[in-house]
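Heads up: the structure comes next, in structure tokens.
Which chain is which? They are A, B and C, in the order written, and residues in each are numbered from 1.
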Amino acid sequence: MVDVTASTLQVAIEIFATSAFALSGLVAGARKKLDAFGVFVVTGVAAFGGGTLRDVLLDRRPFFWVDHANWIWLMLCVCMLAMLFMRNKHIQLTERAILIPDALGLGLYAALGTQIALQQQLPVIVCTLMGVMTAVFGGVLRDIFCDEIPKAFSDYQPYAVIAFLGGLLVCLLNQLNLASWLCIFIPAALMTILRILAIYFEWRLPHWKTESN
Amino acid sequence: MVDVTASTLQVAIEIFATSAFALSGLVAGARKKLDAFGVFVVTGVAAFGGGTLRDVLLDRRPFFWVDHANWIWLMLCVCMLAMLFMRNKHIQLTERAILIPDALGLGLYAALGTQIALQQQLPVIVCTLMGVMTAVFGGVLRDIFCDEIPKAFSDYQPYAVIAFLGGLLVCLLNQLNLASWLCIFIPAALMTILRILAIYFEWRLPHWKTESN
Amino acid sequence: MVDVTASTLQVAIEIFATSAFALSGLVAGARKKLDAFGVFVVTGVAAFGGGTLRDVLLDRRPFFWVDHANWIWLMLCVCMLAMLFMRNKHIQLTERAILIPDALGLGLYAALGTQIALQQQLPVIVCTLMGVMTAVFGGVLRDIFCDEIPKAFSDYQPYAVIAFLGGLLVCLLNQLNLASWLCIFIPAALMTILRILAIYFEWRLPHWKTESN
């Protein structure tokens, strides 16, 4: 995805993280009892929607899932198997199991997305938002397709906010002329740690001061 | 739309099919009691949304509705007339009347969409999904604009699945070096027949094995 | 945004109008009690979504908010302040206060959007719809993100219809070879006036003749 030596570590994290995002879509589809096609779309959108939207806005081609079409076949098989063998207890198990890989995905996607936008010499705030979009909009589209208010907009958890801070750090490290893999991995690691702390300590964003109406 | 001799037959089917897709939007808008603008948008999106999304992803221009702007004027008139003269019984009549042209649309759009993507040398699974998107995403966007879970995701009817199988057949026939009009019409006809059979015999996709929660 | 001498007046109106669109998003987010990220996205989408969608369809870059990235920082600050200091009474005050700037936005965005599309030599109906999209789709996306039927589709107020008529006028004036700033400002002013009259006299679009079901 970016011009760094694609170390085995990075590839491993990427597979890990994308799988977590995809599974969050699979679980959302299972909860809504979508049919085979619905589950497949929501899973795909959760995994690749953020990066695809970023690439449409930045006018980049080919998309990740066009370059790595095998992943789509894999996703197709996983969705089929899930429809056959998934039970309610698996849904809850899956949700707990993906918390850590999802935190890795948040960090890696936000850092990669920001770095990709920086290559186009865009303003800092735009690059940061492209990183946020990469990490968060798969989940947003997943929720819109399931006819719900996106969780990322309404659950008061520090998720996009962490992606935002991490994106700013990516921009800062690039200004300091660090090697590009360091500009990605330091913020990615920090975001992942911050996200895990946020889950563990149940941090919440400040709430509105309006009375409920 | 593609580089085949645009036979009168194809044009006739295209008009027929696009009208069916548009009418499905009109009916959805009427059921939700949208106002004139809402009905117009939902009708337009149902007719042209799938192909437009495909073209945005494939970075193709001009869109079908830019090349054939007269269709927009026609659609505008039909929407106005519908608001004036449509009664509830017409809604139900329309829904039954569009079943066959909608099946034609499914076949033709999926086959054309796949063929268009094949011209860009994309992987088989991506081309197939572009065909599915062309045939199905107009309806998906229509339902999202009406604030509902897309029917294509949740009604357990073999619709997108037929488009998927048909798209794979288009890819296969192209590999066999058949003339491009045959690569389109054979799968399109088969998909249409399969869809009509699916309606007639009320075929359903397999359901989740989870208990309802 | 277009090739006219960007008079101070135009810039002032643009700031005024974009702020009104942004505030409509802020208010929608506040009503739904979205969290900080949700409010920020819905505010941004309401302000820039219509123009961005138009630019994606017309394949134009850079987006307005990439060229004017400072606005994003400003928006970020306003959203933060709103979460800290906004009370229910402010929501209602804001909604009344933005009626006039919103009418200015409707006129200016629809006229500018149409003019931009005309530079690509597109058909009249397409240019007009691009203007409508510029003025209206920010609000549509705002409502979809808030999981509601878009108000522009369902409130029977002449809003998009005014944008449509104004867009046609922009096309007509261009055919008459008027100076491009006149092609923008005459229709923009007329649309704004028409919109204010529509609010004042509570004009409504004709309703469906179907019985409620």
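Assume a contact is a pair of C-beta atoms (placed from the backbone, for glycine too) under 8 Å apart; a residue touches a chain by one contact, two chains touch by 3 or more.
Everything numeric in this text was worked out from a predicted model, so none of it was measured.
Listed by label, the chains touching chain B and chain C alike are A. Counting the residue numbers that touch the partner chain, chain A and chain B have less than half of them in common.
Centre-to-centre separation between chain A and chain B, using Cα means, comes to 30 Å.
Multi-chain contact residues of chain C, defined as those touching 2 or more other chains: 56, 59, 144, 147.
Residues 29-39, 41-42, 52, 56, 59, 61, 63, 65-66, 69, 72-73, 76, 83-88, 91, 144-147 of chain C are the ones that touch chain A when the two sit in their complex. Every residue of chain C that touches chain B in the complex is listed here, in rising order: 56-57, 59, 122-126, 129, 136, 140, 144, 147-150, 152-157, 159-161, 164, 205-213.
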